[in-house]
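As written, the chain order gives the labels A, B, C, D and E, with residue 1 at the start of each chain.
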Amino acid sequence: MSALLALQSSPLPDWAAVAPALILALTGLLLLAIDSINPTSSNSPVLAGISTAGSLFAFAVAGWFLIEGTGQAATGGEISLYGDALVVDGMSLFFTLIFTIVAAMVSIASMDYLSKQRYQGEFYALVLFAATGMVLMSMSNSLATAFVSLELASLPSYALVGFLKDNKGSIEAALKYFLIGALSSAVFAFGISLVYAATGSLLFPDVARALSGGTGMTGVLGMGMLMILGGFAFKTASVPFHFWAPEAYEGAPAPVSAFLSSASKAAGFAVAFRVFIEAFPITQLPAGVDWVLAFQILAVVTMTLGNFAAATQENVKRMLAYSSIGHAGYALIGLAALSANGPNANVLGASMAHLLVYGFMNTGAFLFIALVEHWGVGRTFEDYNGLGAKAPMASVAMSVFMFSLAGLPPFGGFFSKYVLFYSAIEAGFWWLAAVGAINSALSLFYYSRVVKALWIEDDTSSLELGSKPVGLYTAILFAAVGTLLLLPAFRPVIETAQTVAAALF
Amino acid sequence: MAGIFDFVPAIVLLPFVSFLVALAVGNRLPKGGAFAGIVATAGSFLLSVATFFTVSGGQTYNQTIYTWANGLDGAVTLTFGLLIDPLSAMMLVIVTLIATLVHVFSLGYMNDEGETGLPRYYAGLGLFTASMLGFVVADNLLMAFMFFELVGLCSYLLIGFWFREPGPPSAAKKAFLVTRFGDYFFLVGVVAVFATFGTAAFAGSESFPHLAEQALHGEHSVNTFGFEPRTWFTIVGLLVLGGVVGKSAQFPLHTWLPDAMEGPTPVSALIHAATMVAAGVYLVARMYGFYALSPTSLSIIALIGGFTALFAATMGVVKREIKQVLAYSTISQYGYMMLGLGGGGYIAATFHLMTHAFFKALLFLGAGSVIIAMHHNENMWEMGGLKDKMPVTYYTFLSGSLALAGIVPFAGFWSKDEVLYETLVHGLGGSPILLVAYAMGLLAVFFTGFYTFRMVLLTFHGEPRSQTARDPHGVHWNVKGPLVVLGILAATAGLVNMTPVAELTGLEIEFLHQWLGHGIEGLTSHHYVELLESQAGYHAAEIGPIVPGLVSLALALAGAGLAYFLYNDAEPTEHTDKLGGAKTVLYNNYYQDEYQVWLANSLVQPFSRGADKFDQGVVDGVVNGVSSVSLLSGNRVRRIQSGVVSNYAVLLTLGLTALILGFGLLGGWF
Amino acid sequence: MLIEGLIAVAFVAALVVFVSPNEYAGRLAAALSLLPIVGSLYMWSQFDATGNALLGGSIAFETDFVWLTLGGLDVHWFVGLDGISMPLVVLTTILTTLAIVSAWTPIDTRQSQFYGLMLFMEANLLGVFTALDFFVWFVFWEAVLVPMYFLVGIWGGPRRKYAAIKFFVYTNIASLAMFIGFIALVFGLGDSVSSMRLPEIAMALRGGELGGFAGLDAGALKLAAFVAMFIGFGVKVPIVPLHTWLPDAHVEAPTPASVMLAGVLLKMGTYALLRFNFTMMPDVAQALVVPIALIAVISVIYGAVLALAQQDLKRIVAYSSVSSMGYVILGLIAYTTYGVGGATFQMVAHGLISGLMFMAVGVIYNTTHTRMVGDMSGIADRMPVTSGIFVAGAFGYMGLPLMAGFAGEFFIFQGAFASTVHAAMPLFTAAAMFGIVIVAGYLLLAMQRTLFGPFRFDGEYEVTEAAFHDVAPLAVLLLLVIVLGVAPDLFFQMIQQAVNPILQTGGGL
Amino acid sequence: MVPPQYYLLLSAAVFCIGLFGILTRRNALLFLMSVELMLNAANINLVAFSYVWGNVTGQTFGLFTMAIAAAEVAVGLGIILVLYRDFGDVDVTKVTTMRW
Amino acid sequence: MTTKPELNLGSHLVPGLAAVALFAVMAAVFLTASFPEPQGFANDASVVASIGYAMFDLDFGGISSESFLVAFEIIDIVLVAALVGAVMLARREPGTTTVKLVSDGGRRLRETLSKAENGETEDES
């Protein structure tokens, strides 16, 4: 199986396909090394720069692979590594793009956000390790790898959430995130053990193969499946494993919130997609373990709960946290609208595309919160009143994020959300789209509250904003431009997503 | 050939140009644009006269001149065109003549009195005249409707001319609104005509009256919406009649007209004599070939006319203001015209339309002259004795009054008499319903005589009853001139059609009969008579015109005599007080205004407010309710997030358990 | 590429104005907005399309290339004009400029943002009327909401926040309903369509290619989709009972935004109804003729009755818009040349007239700072020119002949009365026509109480005649209204050409 | 030979005991310990079914689970430490500054 | 501080019923499932060695296994990350004070600061 790049005169070895993960991990180690050489220095720009550069490099490599067709049908199909425990294909590369670009934005934004903090080296290293874990999650082809890489993504995240050690909110967030996370990983592990009990293997293809012959342990398998689903639900902040999310996102340093709600969520979806499609293919499932139904329930409940709870928040960051739950619900449509003979690749691809766009707009939104926190403005809607006049550029960007999240044009979120609904309808699940539509309309209400505060409400405070932090501004504007451009340039995104999704089935 | 007909559009356009001129640069013109108006209307008048003579030479003109909306693929094409036949040619002359005179009179009434806003005034007059002329020459029902509406607009603008006072804007609103109510039916009628015939042309083989006639003969099939053709034509005719009732102030839509006296008096003259109010009757005459197909329509027209004539005349008896008396007389006289049309007297009605135009314009202008003299006090009880102070006004006014009362040989006698005669003849000839209308019309003659002379006597005779009456304001040539012209016409116009005389002498002096008897085929009075006989079943009884004429003359004289008896004192008393409760009823116009105001204020207003409450409360309430419920449930949902991590674990466990249990049950795991 | 140029010019103008200083923004925006006018007029002069763009007619200024592929269906960048959209494009460009000029006086804060948003909205509106691919159309359709939200929310009246969010969410829900309905329909067409291009979909639907989808058979799917889309577009129109966002939005919106809202945004709803429901599914529309005609009649009468009860001048005009748009629905359901063509014509006519009315109310408001009928009287004494135009506009609204409103309404009445889609259509028409009486009632009453009578004004502002640049847009609109009223064929010819193909399965001409 | 059910029941029991601890104890450290118990419940299955299926995949994975558990404990303890510093308590139910 | 564990039955145990319920469901599922005959390991095979080989993706083990090489590598980073995180969290900061969460939008903080500026004393409870 040679995933040789057609244009390469000297083909890269197969293992090079994991280069994005390697780059991220090595950058993390490099940062640790720098930090240990000079532990007292907190030279923000250098550390942030390295972290950003590493992420962007990984992004570039992944993008290059994707364009060249590495791991895709055109060049010989997916690349399996390490005894099939890892697999590099279009989907994993696609998700890698999300993780790395979010990591890059978060890194560059953290430069200003953390400028007065200690342990900056550790911070960036943890971000990169978590990103590594996410990349590996998307490449996992075995429940074991999935579990381990999920932990690799989670453990640094716990530490990152609690990064502001002397901030009670940060610690509370970290505690809740950790406790629910630990519980969820226990559930996940138990689920894996049950699936192993039912099939005798952990590799996705083997599990699928074992299932195709039928099993007497439907109940055990089903329970394992639901518990694995629980593990992913935790990662994606889906009901009923979502309880950590509002607090973790609210209490965490805003860049970390951005990272978690965009990249970490996407990672959860990446591995969930692969597990459920590769290991438990709909067409080969024994009767009585119809996980599609579970995802339908989860999708409806998650998007409804997230949006309804978000509607009445006073705190913008917490509102975004709930909205993030709501968006998890939308993305779940990708699994909920599958059917035996349906246009599954389109549905899944739409979900992936939504996650990519979401990566930009949601990261941008949280980074705007970071900017506001950096200025020392409060977190409630009232505190945002009149910011549009004081910081027009950033406020325009925030408005872009809000409208995009709400699914309004001319922003990327418009297309990604409607294509998602479109695919759901295409698959015949018009009622899923209808539920999504109701939620979407409600979400417009609370997203526009932010916009209203920024532009419409009169400024009541006399607070002077400080400097305009370069890193935060760069990241926010980058995200805004990305969000904007993803509308006209949606074609490569959706077509790539649907093509690589097709390879899974 | 560049005949006179090529200039017919100019008849309409000249006043329109004067409208534009007055509007645009009226401020900079001497007399606020009055001269532009006078020149324009006089020009129109001359052209009309020329047209009149051309038509009398036997020529007619029926030409489409502008395509308003060109229907593709077989859809109806909507056009503007000119239809010049004897009827419209006559009307053109009347309208332009009176418009010219009103313009001249306005110099005295408005300019000399130092009114402001004159450009607006003259612009309004110009547009009014133009609209009416456009209506007169219209060759199809749609065009007629459009100018009909423009006439309504102009009446609004002119009645409300003194907008800074509270009364005129209200009266203007009422005038437009009430006539709009009638026009609603008219518009439905127009649409129905298009839907039925695919055309709304008045004349020609493709005209809708002709098509209707053919449809009744079964020679042509039209869409009658499931009705019998004659029934449907009756419905359509009555719909159009709605507009007529509104504009011609027939019962029950007459209430706007007395209020319209709030406008400047020359405008009243224009409105009541030649333009707006006349438009309704003219419209019926214009499409008489259609109405003649339906005896039901004709009867209704006759009954409305007869009733209105009597009804309005009784109200005129008790009024104090000179213009109010004239207002009710207008309503009453148009009732006669309707009676004539409904009674099969097409020529008679047209005749009355013409004579009435002259004498009513005269009376209004005369009243205007009196009002100038009285410093805009219109109460007759404060006048008296003006006869000697303003002889020209008095004698011309008297001429008009005699015409109005129907005293031989003044114009009104001949025309009114013929109206009544025709009705009687057809009523006796087998349409007994017309006799009822006739009786009412006949009775109204008495009242007409009474109130007319009551007005004359109170105004001009006796002793002056107020300071201003003792020392009235003088009037100039620009007032007297029009009065004299009209005074002569009021006295003599009836001579063109002295049917009783013709009957007596056997002379061929019924010029109007001859005039209306020629012209475009299908629009002649001869054709109408045929239609009336063959379609409406109207047959003329064999009665001479002399006896009925004498009867009505006697009644008019009786009324006048009674007035003379009661009011020819130096210091007349308010005899109407003796009527007691009846006076109150009459003075309040049979509470017609009250019930219409009640309809508006106590029915429509509360209804609309109720609808508003419903809208705000229920329709919008549902919208806001959905939003409130959503937010409330959002508030409930977020309470799940209690902040206690142990609770989260519980909920998580419960959720997972429920999921497993549910799937287990569904999937049969147990 | 003319259409792209037109839209791009508006976008670029919006950007330029956004970054321009507040002092010059109004002038600059007005100057820049002349470019789209020139463009649209040029296009009008070069217009050569015949037939309906969706039904195989030739399309003017067409551009068509694949944008992206969604689940086997291509999304094209596909724009072009036919006789239905051309008049609306002209209307949009002209009204935008006039609205911008009318904003010079009332808008005194954050001007560059205001004018930028106006131009941004124009660009999107042009997109709505020119797009011929569903997704392209939908992008513009939704994008219009954004500037309107800000325009109402920032520069609006006291309850602007409530009104803005209500408008925003309400119309968005409607769009979503419509989206689901339409997409389900497209998938019901199966392989008979290969793209989201509206002509392709329309032809397939009319060709009877619809199959069952998602558990619904073809008939049920069509009906469900029709209803969903009717409701979705109906909110925008708005039809009773989905209208309650409109009065709030209008009352709170600043004058120029009201002008655009009433003048163009509402027409998006009827335009879409015509393009989608009535063009693509004439059979369903005709099957539902009774409910639709009833909705039309109720909208007309109910809207007018509500207007009668209002004290706020803007609210009066707002409710009367509901009433007027009811006529459009009536015309559409008639399926006759005059009905559908008249409805299209009425979109333009009502756009101009309602714009005129809102502007006139706005000019008075600029001076008096109140719009309540009871707060003033005799304004005509101090503001004769404005009042004069107000009166003229009001009569235009009442359907005075030789003004555009009459043409539109008469065409509709004529078309609807003669319609053969249902035996009761004449009755429905006659009932709806009664609106012309009520409209006269409330407008005359309002004018009598505010403009006429002895001058009385309790406020502390001095009431004087408005500035030239306030009155000029009114005069221009009035002129246009009269021109269109005298010569409706300016637009009605091309409208008929575009409309007649729709009717071929309908009730005839 | 012990039937596989028994192992499953055992592991389920261990899992639920751990869960019970999580649900009822308020002490963060006990919470942590309970999670360990739950992870070990998974290990019971893994080892047991490793024998059933005749491969060591399960057993090997069990080792990884333990390693992960250790790592989790490390991070968890770090968090609990800071928690104690900031809140002066390790009662998880008292940490409720953020809710709703 | 932790206290000596003691058996304290009370309402705080009620949530535990959820765990009991879960157990009941699990037990019901497990007891009704049918299992294949255990294959067992070959007698001569070394389980420990096989595990070792499995971890390094070497094919020498007597008992088959899937490869865990990549998991092993990942665990490496996991441990590094956990260590870094734990150390970072656990290190005691010299001379820092705890800041309360600014969940009220920082208003109270600002008020406190502004009052302090005005020389007022804040009565911290």
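Criterion: a residue touches a chain if its C-beta (ideal position, glycine included) is under 8 Å from a C-beta of that chain, and two chains touch if they have at least 3 such contacts.
Every value quoted in this text rests on a predicted model; they were computed, and no experiment measured them.
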Shortest contact path, subunit B to subunit C, counted in steps: 1
Shared interface partners, meaning chains that touch subunit A and subunit C: B
Steps in the shortest chain-to-chain touch route ending at subunit D and beginning at subunit A: 1
Chain occupying the most central position, where position means C-alpha average: C
Furthest chain, CA centroid comparison against subunit B: D
Subunit C and subunit D, separation of their C-alpha mean positions in angstrom: 63
Separation of subunit B from subunit E, taking each centre as the mean of its C-alpha atoms, in whole Å: 93
Length of the line joining the C-alpha centres of subunit B and subunit D, rounded to whole Å: 96
Where subunit C and subunit E are represented by their mean Cα positions, the distance between them in whole Å: 60
Multi-partner residues of subunit C (at least 2 other chains): 169
Two or more partner chains touched - positions in subunit D: 4, 8, 15, 19, 22-24, 26, 52-55, 57, 60-61, 64, 68, 71-72, 75, 78-79, 82, 85-86, 92, 95-99
Residues within subunit B bordering two or more other chains: 627, 638, 641, 643, 645-646, 649-650, 653-654, 656, 660, 664, 669-670
Every chain pair meeting the contact rule: A-B, A-C, A-D, A-E, B-C, B-D, B-E, D-E
Contact footprint of subunit A on subunit C as seen in their complex: 67-72, 135, 138-140, 142-143, 145-146, 149-150, 153-154, 160-161, 164-165, 168-169, 172-173, 176-177, 179-180, 183-184, 187, 213-215
Complex contacts: residues of subunit A adjacent to subunit C: 343, 346, 350, 403, 408-410, 414-415, 418-419, 421-423, 425-426, 428-430, 433-434, 437-438, 440-442, 444-445, 448, 451-452, 455-457, 487, 490-491, 494-495, 498
Subunit B-facing residues of subunit C, complex: 166, 169-170, 240-241, 243-245, 302, 305-306, 308-310, 336-338, 378, 380-381, 391, 395, 398, 400-402, 406-407, 410-411, 413-414, 417-418, 423, 426, 429-430, 433-434, 436-437, 440-441, 444-445, 447-448, 451-455, 486-489, 492-493, 496-497, 500, 509
Contacting residues of subunit D [partner subunit A, same complex]: 4, 8, 11, 15, 18-19, 22, 28, 31-32, 35, 38-39, 41-46, 48-49, 52-55, 57-58, 60-61, 64-65, 68, 71-72, 75-76, 78-80, 82-83, 85-87, 92, 95-99
Footprint of subunit E on subunit A - complex, ascending: 25, 28-29, 32, 81-86, 118-119, 122, 125-126, 129-130, 132-133, 136, 142, 144-145, 148-149, 151-152, 155-156, 158-160, 162-163, 165-169, 172, 174, 201-203, 206, 216-220, 222-223, 250-251, 315, 376-380, 382-383
